[in-house]
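Got a structure here, written out as structure tokens. Questions coming.
Think of it as A, B, C and D in the order they're written, each chain with its own count starting at 1.
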């Protein structure tokens, strides 16, 4: 399984950034070396964009045998602690970075992620929020999205006051990511806003896979968003099982959702 | 010359980050392999912290023969487009990241940068601003600092209004880095404030090396800070010569200042 | 847990090479930032040198929570398909690279692996052979060694004829690693030769931990070496359990041997 | 300019290996973000395979502005000290690795190096030998090759006796790379053999660019090969100028040959 590290200039972020990739295109070939200038038959490969959580950076956490088994590449960007949102400050447009520029760059450089049908998203925690939000902001780009233990904290952020915040970060941090908290619920930083826009515009809705551990401190946030989707009659898979906010849960559900997303 | 890439969890940034190092400790040794459990005599090595400019990231631009010739290691952090300042938002304390946490981490991990006398700073453009500002914020930590073509734009930022900005970035970007622009001049984001504090507290002043090209769009900003230092009777080296805001000028002055900083 | 990649010039290999490290020295600290120029109390850390198998390269396979739990760094070299032996050809001295040069470099650069008491080895397959052989070649350097599913094929190599080989590689390959096969058993490429030399010289014997899966194709080779150690009255831990030649077995026994090696 | 590091399993080398790439496909785009699912027009890009010298590894030494200016990607493999030859030992087939497997892998993964007309080679010292030899071994694959200060030492190797060698490496080393020295001149390790085969088979000859410094210790070897090509009536560019065996000469001639190879 080939592992890549790519440093490039992002027009969206206004700076160089590094992302990683996993491409299962180096299996042992019978009869190597091939005839010179010959061709190797290849199956088309789907691509999964993988979003990390708060405190994390580009690093692969998908169980290692899945990309080969289900024939998909993984693209793993670094999003700092951005909540994967388009903020107001120049160069802080992380949703556009993922959903427009990086997809486009991967398409041009690797010939991967060529259509909505083979371009998927997955993330956990802050990256679970991002997996939902980015898919709703770019519903023509992503065909499926999987959100694990998602930090769906937009309602909490909406109540924050200057000088406040929560036990993770302060008001200025959340304002920098989500914009003015008092306007979050109406803004495009709220995934609910985006879902309603897709419905109103009769747009394509990505296929949605959600999971959260019953002992996770974010369980009520996930249940609330699950109810929202039901109210909006948005088809989605929602699963709960015993678990906390940790890597064990995320690897368990990566292994559960990948076959549902990539299998026939 | 050994080249290192180090990914670690920064308490200051609240996330994983990657920095690079160059350590000239792999010269060819006569008589290798040495006697087992023998010792190799080593000269103590100084350390240069290197700050990149706007749009950049961790990458070495010091001419390659200098670290060996003058026996110093280089530490090269990534500062995104932070202006290397302590901003208000949780995790955006880049000055503290460089001046306290990273110095401390390098000291503990490599036994380098152990004292003010062997811990220096250098940067260009945004990193030139950072090289001055960080040295003034941590004057007990850095003995010398070199600032090339420095983006000393604090007076310009101080005039910015909501909805404004300049042709590089918008108001929200500068507010995120410098804090409320209307309060910048009195704040610690202003390197002049820090210089005055050191003088008032009779603290140690780092040795200062400044240079700017006469065709650089930042030449007047650099002349203004040069005059400020003269007014404050702060000893410093200031040089101008023909040049624009580009890598040729920075490599020329890296090669000029390194012998002045590291030579006997 | 800090992850490092280090590229340096190896005098032994006559070329640049890259090794990786894991150092659990970036835990979250209470009260950061520390007092300037203050000190952080640290426990001394042991170091594990980790040797990969045939077809592999530098990559960490030790379960991720162990280094923090048992407070040890990991050094992970690339040995190509060298069998970690000192071959005759210039630059192919892999045993000396690991047992003398790399230990020395890590000691000088990181202050780690300072004594035999905190310098251990572990490997699987070809790296299991290397973990035993290198520890026996440098018994003053390594205090403990763990060898999993070890490719103890020196007796098989000794029977190889020009034009021959086995289903893994040809005669010229084995000749390049082990030297002339017809002289292997008397040579220092044979770990048994080295064990006898240590005993004859009344030298220190590293503590030995061996394991092999009962379904592994190398099980008889491991049993044979286990009997050899018993005959030589060399104290060692030897374990067998159900398992094949795969990562599941190696992670299981890494998790079993690390507490035995690093625990009190 | 995007910089990539790619680790993959090489069937030829029988192990994981890492190569680097430079792709100038991240220039700033006017009007970003583009229309969703829109397309960006691109010029087709040629590809240069870059071979390092003895003691080196994958690292870019082409002056940084050339790939953008002449619109070509660079692929930079690590060849250890192999002389880029197909040796007898399993997994030591470096010529086939470069000329068949890596070209094929780059073609499949990046859509680059699709035809002989856009697939070029360049190297210095041992890599200059490799640039000539590999192009002659795969003349249908490489359209042009540039060889700087080439270590064309096949005639010297042919005279080596067991126990001998030269001041760089011993007999066993050269035997491992070139095969039995006494048979080198007739073998495919001799680039002259390959040139004669192409001529005899009326095959396509790559365009050849050679240069060597007049103070280089390899100058006579280069003059000798130049005469050989003239005798064989093989069209080629041959240049000499003041210079020794160092990076200054290689960067000077990279900057001289790239426009000749990639310009219209």
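By our rule, a residue touches a chain if its C-beta (ideal position, glycine included) is under 8 Å from a C-beta of that chain, and two chains touch if they have at least 3 such contacts.
Remember, it's a predicted structure, so these values are computed and weren't measured experimentally.
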| Contact-graph separation of subunit A and subunit C, given in steps at minimum | 2
| field | Centre-of-Cα separation between subunit D and subunit B, whole angstrom | value | 39
| request: Find the geometric centre of each of subunit C and subunit D from their Cα atoms only, then give the gap between the two centres in Å, rounded to an integer. | output: 35
| said: Among all residues of subunit C, which ones touch two or more of the remaining chains? | reply: 7, 9
| What chain-chain pairs meet the touch criterion? | A-B, A-D, B-C, C-D
| subunit D - residues contacting subunit A, complex | 1-12, 23, 25-29, 32-34, 36-37, 40, 42, 96, 100-101, 104-105, 108-111, 138, 140-141
| query | In their shared complex, at which residues does subunit C touch subunit D? | reply | 7, 9, 14-18, 54-57, 59, 80-81, 87-92, 165, 168-170, 172-173, 175-176
